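The following blocks contain the structures, represented as structure tokens.
Below, chain A partners chain B and then partners chain C, in two separate complexes.
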Partner chain A sequence: MARTVFSSVDKGGLTVAASLTGVAALSPLILSAYGVGVLTQLCAWIALAGSWVAFSGMTGYISLGHAVFFGLGAYIMALGWQQIPIVAILPLAGVAAAALALVVGFPALRVRGPYFVILTLGISEFLKYVVVAIEASLGAGGRLLIDTPDTVVLFYPMLGLALAATAINVWLTRSRLGAALRAIREDETAAATVGVPVTRIKMLAFAVSAVIPAMVGALSVLRSTYFEPMQLFSPTTSFTIVTMAIIGGSDRPAGPILGAAFILFLSELLWARAPQTYMILLGALLIGFVLLAPSGLSGLWARRRSASLKRRAVVGRPA
Partner chain B sequence: MSLLSVRNLARRYGGNLAVDDVSFDVMPGEILGVMGANGAGKTTLFSMIAGNVKPSSGQIMLEGQAIQGQPPERINALGVARTFQIVRPFPGMSVLENVAVGAMYGRGRIASPAEAREHAFALLRETGLADRADLPASQLNLAGRKRLEIARALATRPRLLLLDEVLAGLNATEVGAALELIREVRERYGLSIVIIEHVMKALMRLSDRIVVMHEGRKVVEGLPAEIANDPRVIKAYLGERRHAVPA
Partner chain C sequence: MAQILSPELLLAALMLASTYALVALGLNLIYGAMRLLNVAHGDLMVLGGYVAWSGFTLLGLSPLLGLFGAMLLAAGLGIACYTLFFKRLVRNTAIAARLEANSLLIFFGVSIILQNLMSLVFTADARSYSYMDTLVQWGSVSIALNRLVILGISAGATVAVLCFLRLSVFGIAIRALIQQRDAASLIGIDADRINIVVFCLGFALAGLAGALISMTESVTPFGGFPFTIAAFVVVILGGLGSLGGAVAGSLLLAFVEVYGVTLTSAAYRSILVYGLFILILFVRPQGLFGRKAN
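And then the complex of A and B:
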């Protein structure tokens, strides 16, 4: 009767998730360095889009500022590289991003809708130029990171972050916190009136959704081996995250995975050969999904599955 | 001792006093009716008690503890729940999930989602929505949404329930069923209820006492029989309107 409510993870989904993880974990053994690079990139995007969904997808507060957390993580890694061990920098980046999210969220989470969108974009651009100014005053246009680990070594922690982001989203579909976040999205006043401490919960979710992107940023700058603020704080990162979440669907844990895989596949296919076509196609897809399939690829999939289940139930019923 | 005491409560919007120096008490287990024409300040009064609107001045005490100006979630946690005149379901969530949110937070604060769901389902059975538990709340009709408002408010385990025109827009059969429901939940949960209503006959039957508001002020307070024959009430309801029409 109450199945659809906090959808329990079905066995099928769990099996698919476990086998995908297994294949991914073993793939560096057979893939080329290029292949591992693409896979690492895929994990990075899954982790980013998944973190974004955990806050923006759940609450409806669309953040266009997640690039700042990614950039902050990269910056902390660039500053600490060869002075602090990586295993210490990663949590440090996460904690710093969460703290930044609390500081930014305190004013920004007071406004909803387009105001929140613009404010997050504005704050993230502002902080980008602050970092640019700091770096310029130190006389550095960028920082070269030498002796960074091999891509294969970076792949596993990135896979871990993708898994962590997905696990958070699965947990949110079943937990009290997830129910509160969705209630905030649906009607914040009504949520507060039935006892949901809306301000505290929004702050908490915003801070949590900043942690993983910072760690992804920290690992990513090790891959690119060069820190350049204009590039690592680029709002394009935020736009790509939102695009992936919308195309994949931001109301289901599988959404960010499908969205990231789809966009990455598309860009690998077209970016080098036909960059203009790629951007046009991406724009068209985005418009198409927003208008025709707002629940994204994962929503379409879920609908097909429930339709076929119903058909089977009807067929199976004795006359 | 009264459960709720409202003292000299006022809310100003610019130069307009929506609620002006209103005082009354609600006793434990009592049903207090609030009557008045549109714009009398009834809903603003509720919004201040529930914490959705901050009073400009005055006091609201729950069992002697001042609660005015506190955020709605804290007031709800103390045991005050309200419904909205213009219903506010969580439209994209299922009917059951709507109610479960109230059970997970609110005064009950059921920690386990599964238990909250069970509690919510029991309330849906009680309010006659059990067969629609899995539907998105957006697909309920008006009578269903009003019931959902009541179920979701009850899920927070209130001591005081504020019902804002839960009968408006319902047909005669639905009104009868809703009245029955309100009496039932009062008995079962030992609730005190404050109810705003336009349907006068229903309010007379349901209420232990009635407060009549007009243009932000409390005009009369008394037993239903007294209210029905009070010339000031008749004037507030019928007489003023004649004067308001320009000659």
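And then the complex of A and C:
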């Protein structure tokens, strides 16, 4: 599998990725503050959807609880703000989320299918209300973060997280670990029989996919400057992540990027003027993609490319 | 302590249990027969609530008549959903392997569409009306009449559906489908026809539950989600696809909720509900009465 790394298709993809990153990195020089804000948001969603794909897209264990890692990161940032430096809070948030994923994943990953989906949602809601209760007992409904950094300063770490999530997914499409995760998705019992340590690998992937969302949450709360548990642990975050991954396609590293960009574009276009119409369109798109194009935008794109490239593209396509 | 033993609290718990049972039954039917996860269930309830509300405030119809309208509309939506989205999906084996996940996503799409359509039509304002809210004295116990009506109708409807499933040929066919899908098709059960009936029934039960609840609680377009969650909690407590288990699950959840809140505080309500749910899944992953997955 590792031999395909340097095929010409991959070089093409690498060039596209490098130039996209370069354009993104330089864009704050020309864009308005609003533009940088939108771009930061795009990077945040790419990082979130990418992390989700690294676990749920690969293993088929659909997590509806990724908002809990996002919220945990935001909570840690809100607690530590102006007491611990940001560069220390970010890794702390990541480690805390990985630890939470391990604690929760140990019992949760024993159940499959619908049980797992609803359990992750239940755990996320449970912890949301625990945080609400803690904050209420401290006599605070929310926490205001003052003197937060400028959006442009927050943009670069967010870009870094989006790149990291994408890099993890690229690596997973061609590593043994990725092959093992996909084997779990196709047939867990068969995977265990041929020697894949399924429990350990599922736990590892779940923990890894929790780290980046926590850091995104920590940076996001610095942007919004207000921590409110009901909002930051909102299940809507989890649902949006899943929708982006599905519309983009969760089988290819480009999927989360396309999905996040598409939905963010749609929301910028419609959200302010006609929020209901935007949401109705989103719902219709989700249904349409699941029924008619289960491999998402990236799958449609890959199919077009493989039609024109015929033999070559088959090499780089995951099973 | 005297408060804990009061008959009012017992009635409140029973009332909540009966609505939970009704809500969960519809969800469980569709999951059991077709392995489809209807996350739009709560939104169908909200729709039922709006039907009852509009019937009462705009046409002056009694909500007891309005609930038939709610059931009809929901059942119609069920037929539309099934023929538009799921008929092909259930048959297509390539996608059927990930049927549960896909059904969840499709129903999520349906849920978003329903919520926002209702928000466009009925605005985001909370809608409520008062109907039969006089207090009934029964010895030392006093209870609002509409709550008694809700208790009676939901318990009656739950028992009626359970009887339909046990006694009628159609009901037995549905249960056969829940137990052994392939075997049921082999002995000549028309799965396609049963699927439509199950969709109608499941959706109609959600509409009915929503219309009933609108008598005591206000209706908002985005208020369905907590009901969906409660329904899932009940169904998973009882075991997905286990119809009797869902009744037991609804009793358990309602009693924990009502008595737990009385013993602690209303602020801990959600923590109790989700805590119980997580605990049971950790200890018994297949639910209290669920059969072990093979």
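Keep this in mind: the second predicted complex is superposed on the first by the 301 of 319 C-alpha atoms of A that agree within 3 Å, B and C clash if a C-alpha of one lies under 4 Å from a C-alpha of the other, contacts with A are read in each partner's own complex, and residues count from 1 in each chain.
Following the convention adopted for this analysis, a contact is a pair of C-beta atoms (placed from the backbone, for glycine too) under 8 Å apart; a residue touches a chain by one contact, two chains touch by 3 or more.
Worth saying up front: this structure is predicted, and the values here are computed from it rather than measured.
Undergrad: Answer with first, second, both or neither: which of chain B and chain C does A:Leu145 touch in the superposed model?
TA: In the superposition, A:Leu145 contacts neither chain B nor chain C.
Undergrad: Report for A:Leu266: first if it touches chain B alone, second if chain C alone, otherwise both or neither.
TA: neither
Undergrad: Please name the chain, chain B or chain C, that touches the greater number of residues in chain A.
TA: For chain A, the partner with the higher number of touched residues is C.
Undergrad: Per the contact definition in the header, classify A:Ala136: touching chain B only (first), chain C only (second), both, or neither.
TA: After superposition on chain A, A:Ala136 lies in contact with chain C alone.
Undergrad: Determine, under the contact definition given at the top, whether A:Ile118 touches first (chain B), second (chain C), both, or neither.
TA: second
Undergrad: Quick check for you: in the superposed arrangement, does A:Ala191 touch first (chain B), second (chain C), both or neither?
TA: Once the two structures are laid over each other on A, A:Ala191 reaches chain B alone.
Undergrad: Contact residues on chain A for chain B in the complex?
TA: For chain A paired with chain B, touching residues are 1-6, 174-176, 179-180, 182-183, 185-187, 189-199.
Undergrad: Going by the contact rule set out above, which residues of chain A touch chain C in the complex?
TA: Those in contact with chain C are residues 60, 62, 107-108, 110-115, 117-119, 121-123, 125-126, 129-130, 132-133, 136, 235, 239, 242-243, 246, 275-277, 279-280, 282-287, 290-291, 294.
Undergrad: For chain C, which residues count as touching chain A in their complex?
TA: Per the touch definition, chain C meets chain A at residues 31, 35, 37, 85, 88-89, 95, 98, 100-102, 104-106, 108-113, 115-117, 119-120, 225, 229, 232-233, 236, 240, 267-268, 270-271, 274-275, 277-278, 281-282, 285-286, 293.
Undergrad: Using the touch rule from the top, collect the residues of chain B that touch chain A in their complex.
TA: It comes out as residues 50-52, 71-73, 76-77, 81-82, 84, 88-94, 96-97, 100-102, 104-107, 109, 111, 113, 116-117, 121, 133-134, 152-153, 155-156.
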